[in-house]
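Heads up, the next two complexes both have subunit A, just with different partners, subunit B and then subunit C.
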Partner chain A sequence: MAVVRAPRRLALDRDGIFLLLAATVIIAALTIPAFRDPANFANLFRQAGVLGILAIGQTFVIVAGMIDLSIGMIAGLVVVLSSVLLNGNAVLTLPVVALMILVGAGIGLLNGVLLNTLRLHPLILTFGMLSVLQGAIFSFTDKSVGRTSEPLSILANGDIFGIPWIAILLMGLAVGAHFLFARSRFGYHLVAAGGNPESARRAGINVERIRLAVFVISGATAALAGVLLAGRLGTGYPLAGNGLELDAIVAVVLGGTLLSGGRGSIWRSLAGVLMLAVISNVLNLLGVSAFVQQFIKGVIVIVAILLNQPRGANA
Partner chain B sequence: MKLTRRLLLGVAALATASLAVGPAFADQASDAAQTAKAAETVDTTAFKKEGPYKIGVSAGYLANSWVVFALQHVRWEASKHNVSEVVVTDAAFNPAKQVSDIEDLLRQNIDLLIYWPVDDASVADVLKRAVDAGVPTVQAGGGFTDAPGVVSNAYISQWKLGEMVARHLMTDIGGKGKIVAMLPIAGTTAAVDQLDALNTVLKEYPDVQLLSVEYGDWNRAKAKQITENLLQRFPEIDGVYSPAGQMSIGMAEAFDEAGRLGETVFSPGDEYNGWLKWVAAHKQGGAVTFPTRAGQVAVQIGMDILAGKPVTRGIAVPSEYVAPADIGPLTAPDRPDDWWASDLPAEFLPQ
Partner chain C sequence: MPLLEVRNLHKHYPGVAALQGVDFSGDAGEIHAIVGANGAGKSTLMNLISGVTAPTGGEILLDGAPVRLTSPLAAQAAGVATVYQEFSLVPQLSVARNIFLGREPRGAFGLVDEARLNADAAQLLLRFNIGLDPRIEVSGLSVAEQQLVEIVRALSFKARILILDEPTAVLSLSEQDNLFAIMRQLRGEGMLILYVSHRLEEVLAIADRVTVMRDGSKVGTRPIADLSMDSLVHMMIGESRRSTPQRSAVPADAPCFDIDYTTADGTQAITVQRGEILGLAGLVGAGRTTFARALVGAGGRTAATRITVNGTALNNRTPEAAMRGGVVYLTEDRKRDGIFAGIDIIGNATAAALPLLGRLGLRNRGSEREKSQSILHRLRLVAASLDTPIGKLSGGNQQKVVLGRALMMAPKLLVIDEPTRGVDVGAKAEIHDLLRELAMQGTAMIVISSEIDELLGLAHRIVVMSDRRFVARMPVEAASEAAILTAAAGGTMTNEETA
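What follows is the complex of A and B.
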């Protein structure tokens, strides 16, 4: 709790990601003309939208001391299902989006119930769910199917006055998540349960209910991300969700959230997402060889995590 | 309460609809129809501009030696024209990243976009945006793509290749027996088309039983591991359908180590050097080529488009069958397995 409402001194482990992001953006803007083009910034936010929404959900999970590896496949399942259900029909957009969020929340609920009843490690449990969902997707189809609707395509790719719709949605979601996380009783209990579950229990906090809730949030946000990913791709590609869970975890940890739980911030996770998007964008704009890009990204992520994760905190 | 019940009924109806609709599987368009479509002329005057040109290459993946050789063909051909720069991005099999990569390339004011997709349908919208922005697009090395966002294709038909491989296998096993299939990454166009071609050919051979379809992800080690399991599972495997040479060689190793190499017949693979060496040594299988010069043809088409010359919607880069007896000239015994038969000059060969 104290960590969330930390004193406003500049601290590397807390503010490092913002400093790194600001420095990267300033240097890139000064040295790469194409980077400072406003349309490029719009591109950046469009590209970061899906991962940003996933990272918001994953932040809740990781702060609770858990981890959710199933979010990529939940998003992938939603990409396929929503595309098949919509098949280009704009009228069905709202009910299908609502249904998909319910499906995602339902899978999250199942994760939470299984976790609480079977007492499995969340890494193992959600990896199992990842496999189950992957199998389900490929049992359904092994190729791109269906078509997203025009409203979703506009939401994922379009903009208003140069600001991408997906960025507006992401910011709205982030504000809501921030208040839930840092300004509500649920948020305080979440941080307490993630930091020290036993102490939290002794303080009367229902840790199991908190864990259930974070998996529901994670599943629902993964489904929302999946709907938008379908909008980005235009179709239901069965492999669309592959690896997204790891990108989300890297972004969250890059933002300074402790993998051991009890500390984190929605805004810092989003800064982590933006950092990954900026790195990718800058390296593309510089024409850096795709092989070298992988290497550079890895090094930057390691250095950034060394800067903003208190050493020993995860030990 | 009523609202809740209504909501639940609505959700149930949608869920039922989702099961009823199911995926829409489209059969491979007939080769004749595809050829006719590819022969259509495209008016390119809207794309005409003076050089020097900046070419953007959006690779769906680069972690594959075929793609590396195709990319070198792009660079080689570009060096013969008024091209100032070739910018390359790698989507690492991620279609969402490929959409982002193409957006980034468009921000860099490229004059021509050459791409090979992770998935055709997933990049259709962003390619349409490229064309609308005045950047011509040429697909390199995939199957023929007929979409508003694709100006032209240097295409290799995965379906046709799969069909050729399947027909040679059927001939080599005498039209009967039990076979297994090894395909690339599930969901990719290559895997879908190759399987469709195999199933189409199998309809003509009722005495051939397809025991199992596996996905080796173009990965020699994974193909070997999967094959080890197949050998445990099936006491009789008369034939192997594997159009990708790098997976065929992994499978052959597994058969050899199990002492069962003699019982099976391998289909032709492609011109992956490790496979060619195996074919030369064992005098079976052969090759159905998947030419890496598709990248070169794509640049040639692109240069014509930028010159405002009319082009066709597609130029086929045909696969050819090379019998085991003729495999020698294609094979490079002193090169590594992860190498492709090509006409690249020495300075453009991958280092």
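What follows is the complex of A and C.
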């Protein structure tokens, strides 16, 4: 009985994504000269920024044993709404961004309240919300409307000392999220609620409140991603958010997080996001057509997830 | 003054009195065992003391003052800690995080003080000589280690009363010794330990006093010095209520199923004849269901059986193959792997026999209905319409439909796990009659039941399992509740033959 075991330091199922990412980057850098260009790296991070922010929010949701399909459309709604409200007016930037985040958090709150009161499966509930938001966007406009503001455009596309602003923002957010996730009571209880809700309840943890909180976090981060997406696009393109929720989920799962909840990390999710970005970047550099890219990406994702799956345990 | 006292405690569920006026008390510095047969009310009593359910009458006193324990948390706050039979740890969290789940110490910036958390946990573990690193994840621990973590967690609430419900069911002998050492240490520190167990030998080894329950009432509390295995069993079963219903004779030359059961512990053999009902007795966790599932190839990798009929081996690698060979298993857990709740009675009754009833892979609703009708009529099924979803039927009627499904396969060896669990008295008698009738028609049967009365009433022969082994075999004429219980509880008795 008296066996002392040290915690695992490195395990393939847990840290595989970092190795995979490193290997891919090294191979790409060695074989494709254009990949090595610092400007290409900056570009890669700009492309990964929006998805990274979405993936952070989704990590909270998935670790809590939930899923949120509505984030793509929340981002899409924010793209349109913020562009219309700003219409190129720089002065309004801060209040509009604040308002958008409130809107996102509000939709997340609604998701959480509905989930807790109606006891619906989160997949069904947030799919419904996806559809509702999509309908709302398209009844409002079916073509690009409004214009984003200068500060947002700089934040989304600009650099400082060659480092994209969006990458700095993402890192800041990730550090904050990591502490919340891995070091706060909320983070501990989140893992407990996702891992074994019944035990969490017995330990006096309010599981319903945690679920509410993760949907609010998810909604708010989706709105932030939407504002930046508008900055990148320059205008309120109504289709901007389509499919982003799936990319975010794939990135999180690629990071080794189980959809069954109770396990996950912000850094691994971000590694998943970078992995997706690197794959697309490499295929672009190689001049692979967009359709073939879809195909190759799909195959790579499936293989990567298979390799990444924890063997045996609750798969 | 006793530390814990309950007075005239009642618990009624609609239609059932689970507890009828129990008086009970326990002192500080005592290991107090609670024993009784299945359904005696032990768990109900523990649930009331640990705040899981509220009593419908009576009161609970701590240090002589009445308390209302409205939730497990309230009970914890009052000093009652419970280690549940099914574990309540979060596998993905570390040992330390589990111990202090919901009560993590906070340090700088409101973040959890992980260092203090681990140090506090290490100190608690050290106190009980448990050599576990508080930082490792619970999912990597053995069941016994997890249980120790549970106990440490329970104790971290500064508990004065510790409830252990069947704690040794999953432990090996050395792990059990370890647990007992911890229990004695806690007793020395003035704790009252309420120890619920089926294993009478252990009870006799560790307890200071024993309270025996039967049919929702207390039979009595005795100091351990006044008790022996015999007297304990006698208190548990009370007056013998044997009835001897008719039993068909098993023809001496009937063909025989020879079963070799192989587990990690080795291979054991049992046989059952056509026309014979073999009753399989044992406590929860003795391995009866594992054996039954292995018989039809649903057992997984740890257990396997080889069935030969008159020297010919039978293919039982999958339930489907076993069924083709005439071996059919009826689950103990209807809801989980018995019924299709949303499908109608016909669909449920014919689920296994569909290929026989249709043609070219198409279903034939007409013949399904006809066949269902004839079999369910024989089972005296009461239902408004055969198109009713089975989920809407009573437990007894559901069981009849599932039984009907098995009969449609014309089984030669029928393995029934808990044939009357969750079934009302009337349907129970009907199911018993039906099983007897099947035996008379030449079906071999293995009936698993936790109700010893049921086995004594049905079986020709009884085999008792304990700790995954067939520990005793007896013809029903020689069997008694006491003998079965003694063998099942791991006691010694005169075995006819030891496998």
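Remarks
We adopt the following convention: the second predicted complex is superposed on the first by the 299 of 315 C-alpha atoms of A that agree within 3 Å, B and C clash if a C-alpha of one lies under 4 Å from a C-alpha of the other, contacts with A are read in each partner's own complex, and residues count from 1 in each chain.
Basically, contacts are C-beta pairs under 8 Å (C-beta built on N, C-alpha and C of every residue); 3 or more make two chains touch, one makes a residue touch a chain.
All figures in this text were calculated on a predicted structure; none of them were measured in a lab.
In the superposition on chain A, A:260 contacts neither subunit B nor subunit C. Subunit A is touched at more residues by one of its partners, and among subunit B and subunit C that partner is B.
Within the superposed three-chain model, A:131 lies out of touch with both subunit B and subunit C [touch as defined at top]. In the superposed model, A:146 lies in contact with subunit B only, and not with subunit C. The interface of subunit A with subunit B does not overlap its interface with subunit C at any residue. Of all residues in subunit C, only 72-73, 88-94, 97, 101-102, 104, 106, 110-112, 114, 129-133, 135-137, 139-140, 144-145, 148, 174-175, 178 touch subunit A in the complex they form. Within the complex formed with subunit A, the subunit B residues making contact are 10-11, 14-15, 17-18, 21-25, 59, 62, 85, 87-90, 92-97, 99-101, 103-105, 107-109, 118-122, 124-125, 185-189, 191-192, 195. Looking at the complex, you find that subunit A touches subunit B at residues 34, 37, 39-40, 43, 46-47, 50, 81, 84-85, 87, 95-96, 99, 102, 138, 140-146, 153, 157, 229, 232-240, 242-243, 280-281, 284-285, 287, 289-291, 293-294. Those residues of subunit A whose C-beta lies close enough to touch subunit C in the complex are 1-7, 179, 183-185, 187-189, 191-192, 194-196, 198-200, 202-205, 262-263, 313.
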